[in-house]
């Protein structure tokens, strides 16, 4: 992609900042719908980073599956928030504690990342996009059993969701 | 004419960024012209159906009507309801519009004309199109209008329901393409739209997947909010749906998105089912005829979609949902399974086509049977008549009362 | 290509933000969103390792992992929302700290 | 958690509407009208919806109230005729006719036969016109994007052209007079009528082909707004709605007025009393009206007076009262009139069919889908000027 190393990095950082700001929006927004909308922006940012990493397949699956899932989420948020006239308190009492814990976690993670001596990957010239066919080969040979299990899990989850959400007959 | 190689827009060498800019301008120009043309076409076609003549005053036989409309929209005041949610309301048109704009990228107009030939073109189209609905929900929720909210919720439910059968059908098409390409070509082209089109030199996939074509068309009608699936914008129920509070250019953005999506989804359908730029009898027809073929196939389907607006009333939201989940989805799943089984056992193409056709007949039969039972009998006319029985009875007579009776 | 460390740092921040959401929010839907953020950070990490590891080791398991995570996340959303709706019906609240009885 | 819905005053329900509030999605109040595209005029109803399900509907009327009854009482017997055009403006001839008949019976005026025929022909034409209007508006309610509307308006236009040729006006005709007609219909009245009838028959077939067998149309109309015969009678519903519920009640037959006993036609009756039956009944009624008009055109005397002789300059009927009712396109249109011997009626009361038909809206709408509510309202075929008077 052209003379792209630095350009790609610039785009990466822009996407990262957008994504992180949106993620912050998700956890701090005072309105469930706003949080869901921010979440979509965060998702799009993640998908963009997938694209930077040249895994288009995962990026598109991310948009396709998460996109629909989040739309449903928004619908539920609408249903649940409209149920009340009074504004809801969206934060628990343990908010400062939670923020502190999250900050500690972040410090620990970044410390770990910085402290680790990463194996330097090959040069960018060696980099090859991963084709869909490769992913398919791996999924359907090495990971076929987990794949089937995921399929069964999905069916069960679907049934469970229908059962949970369906109205009771006798109530 | 955009070419595949970056930095060579229309065959002329240039820096990458100029090339990218030119491609974007190409999309914008195409989109605008397309929207103008489609609006005019829709008005004229509907007028024909409805015993009218349509626009006649602006320009020769009204051809400049869309431009006049656009001018009006641009100069119109942009009103935002005072109780509307500011950000959601103002951003919604763009969020609804940008995904549609992005779908242009992998669309093949001829063998070598497209913005970019994406390897995962089909997946890309659906992945991006799904985001369109976010803008619609934002508009519905942000307008702080009950009609808009209902319209937005309806649109979301509808889009999600009809995306699934459509995606399954796309999967079945990709399966067919991969099966065919595995013998004489590169399998990885099976998810690329241009790869699929290139494979249809002699056999348009509508012959191999007739059920797929029908389900895709129905799903497209639903995605595009076209009758009989236009509940989100139902005039007589929710007044106009999610964009009821919009005016001026923001409203225009929704319409631009709608007509662009109409063109693109139909172009997609004609690419993966009707063979896109291919002449169906295998001859290589050259660049000029290829674009004519693409546009002719697309136009025929556009007329089909537009005419549905004149000929069908609107379904109810629960009927729409149950049609998607109880009829289309099972049939799409069966189609995928059938393709898989046939291809796993090395069945030839014509078996795939035949099975799909049988499934299509089953679908029609089922729908026919369902609606007939609903009507309760084999005829819709359960009206009886009783012969009028002229009989003479005393007509109302004047009854005398005391003058000025009452108070 | 951005350096691996940079991707990892961004992911760590995303993960921490998600954790913060889980710990501070009380609405079940919002907690679900935060969990999804954390899942995203994890799958992004997997993909990053796979992409960089692929150059040297030729192993793309991480991408498969990310794929599985996304698919399961969809199921999780459906199921979690089912539970939220159920709770909402019985308790008329979507706040997790108000659902504090083991029976009703 | 169940709460009994507050019923508004004067409401008589067979059973109280119980709203199940199991899942606490809040019921939205949706205001449909008076400027909503689906309300056919200035009708307003407040729908309480739970998602897409209508839980309650409260209709509001009166936006078009002009006091037509009181105005008529302050005018000469003849002068009030114009107000009749302005009640049911889609069937103005029929309404004029009821008023004229009422005054004539009250004053004991016999009108010449030719005038009777012209009145009957024009009124039946007006019935066809009104039902065409229904088909168009109903098609729009069900979701045709204007096709039904333009197709039916094409036919309606032809009939209106005929009316214009006869009386010079297209909507507010004011052509009937107490004692006959205002003037002789134009010379080619019979030929024109026959030509219009030919066109209209094609138009009816067109509408039939467009809508009746359309699967989506049937899916939308079948079993929506069902009303049993008992319910219909208890709500005072008349006209095509009543007949759609299976009651063969048609004032033209059951209480023959004018010269209806000279023709043969059939009364269409529905089986289920749903919206689709109402549509079918009206469609068939249009055909029957065409048949009646054809018979009348054949029988009509070619010449003769059109106004009764020796009409007094000012009508002063003997003190008395009369209730004259006739079958309008929408049902039983009645005029109750009390004379105190002066030249103004002491009391005029209009019994408008739409008002009574509209009262049956709520039970049809409650617990149905929002979209069905719109269709059910459309199937009543209200004219708000007539409801509010």
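We call the chains A, B, C and D, going by the order they appear; numbering starts again at 1 in every chain.
As a working rule, a residue touches a chain if its C-beta (ideal position, glycine included) is under 8 Å from a C-beta of that chain, and two chains touch if they have at least 3 such contacts.
Since we're looking at a predicted model, the values are computed, not measured.
Asker: A-B versus B-D: which has more C-beta pairs touching?
Answerer: B-D
Asker: Closest chain to the overall C-alpha centroid, by per-chain C-alpha centroid: which is it?
Answerer: Chain closest to the assembly's C-alpha mean: B.
Asker: Taking each chain's centre as the mean of its CA atoms, how far is subunit B from subunit D in angstrom?
Answerer: Whole-Å distance between the two chain centres: 40.
Asker: Nearest whole angstrom, what separates the Cα centre of subunit A from the Cα centre of subunit D?
Answerer: For subunit A versus subunit D, the centre distance works out to 60 Å.
Asker: Provide the C-alpha centroid distance between subunit A and subunit B, rounded to the nearest whole angstrom.
Answerer: Distance between chain centres: 29 Å.
Asker: How many angstrom lie between the centres of subunit B and subunit C, each centre taken as the mean Cα position?
Answerer: The separation of the two C-alpha centroids amounts to 34 Å.
Asker: Quick one: which residues in subunit B touch 2 or more of the other chains?
Answerer: Expected reply: 149.
Asker: Out of subunit D, which residues touch more than one other chain, so two or more?
Answerer: Within subunit D, residues 22-24, 28 contact more than one other chain.
Asker: Touching at least two other chains at once: which residues of subunit A meet that condition?
Answerer: 57, 61-62, 68, 72, 83
Asker: Looking at the complex, which residues from subunit A come into contact with subunit C?
Answerer: Per the touch definition, subunit A meets subunit C at residues 5, 8-9, 12-13, 16, 19-20, 23-24, 26-27, 32, 35-36, 39, 42-43, 46, 49-50, 52-55, 57-58, 61-62, 65-66, 68-69, 72-73, 76-77, 80, 83, 88-95, 97-99, 101-103, 105-106, 109-110, 113-114, 118-119, 121-122, 124, 126-128, 130, 134-135, 138-139, 142-143, 146-147, 150, 153-154, 157-158, 160-165.
Asker: In their complex, what parts of subunit C are in touch with subunit A?
Answerer: Residue positions touching the partner: 1-2, 4-10, 12-27, 29-30, 32-34, 36-37, 40, 43-44, 47-48, 50-56, 60-61, 63-64, 66-68, 70-79, 81-86, 88, 92, 94-95, 97.
Asker: Any idea which subunit B residues touch subunit A in the complex?
Answerer: Residues of subunit B touching subunit A: 6-7, 16, 87-88, 118-120, 123-124, 126-128, 130-131, 133-134, 137-138, 141, 149, 153, 156-157, 159-160, 163, 167, 187-188, 191.
Asker: Could you pull out which subunit D residues touch subunit B in their complex?
Answerer: 28-31, 36-38, 52, 105-106, 108, 139-147, 149-151, 154, 210-220, 222-223, 248, 250, 252-257, 260-272, 276-277, 280-281, 284, 317-325, 338, 340-341, 346-347, 369-372, 374, 378
Asker: Could you pull out which subunit A residues touch subunit B in their complex?
Answerer: 2, 33-34, 37, 40, 44, 56-57, 59-64, 67-68, 70-72, 74-75, 78, 131-133
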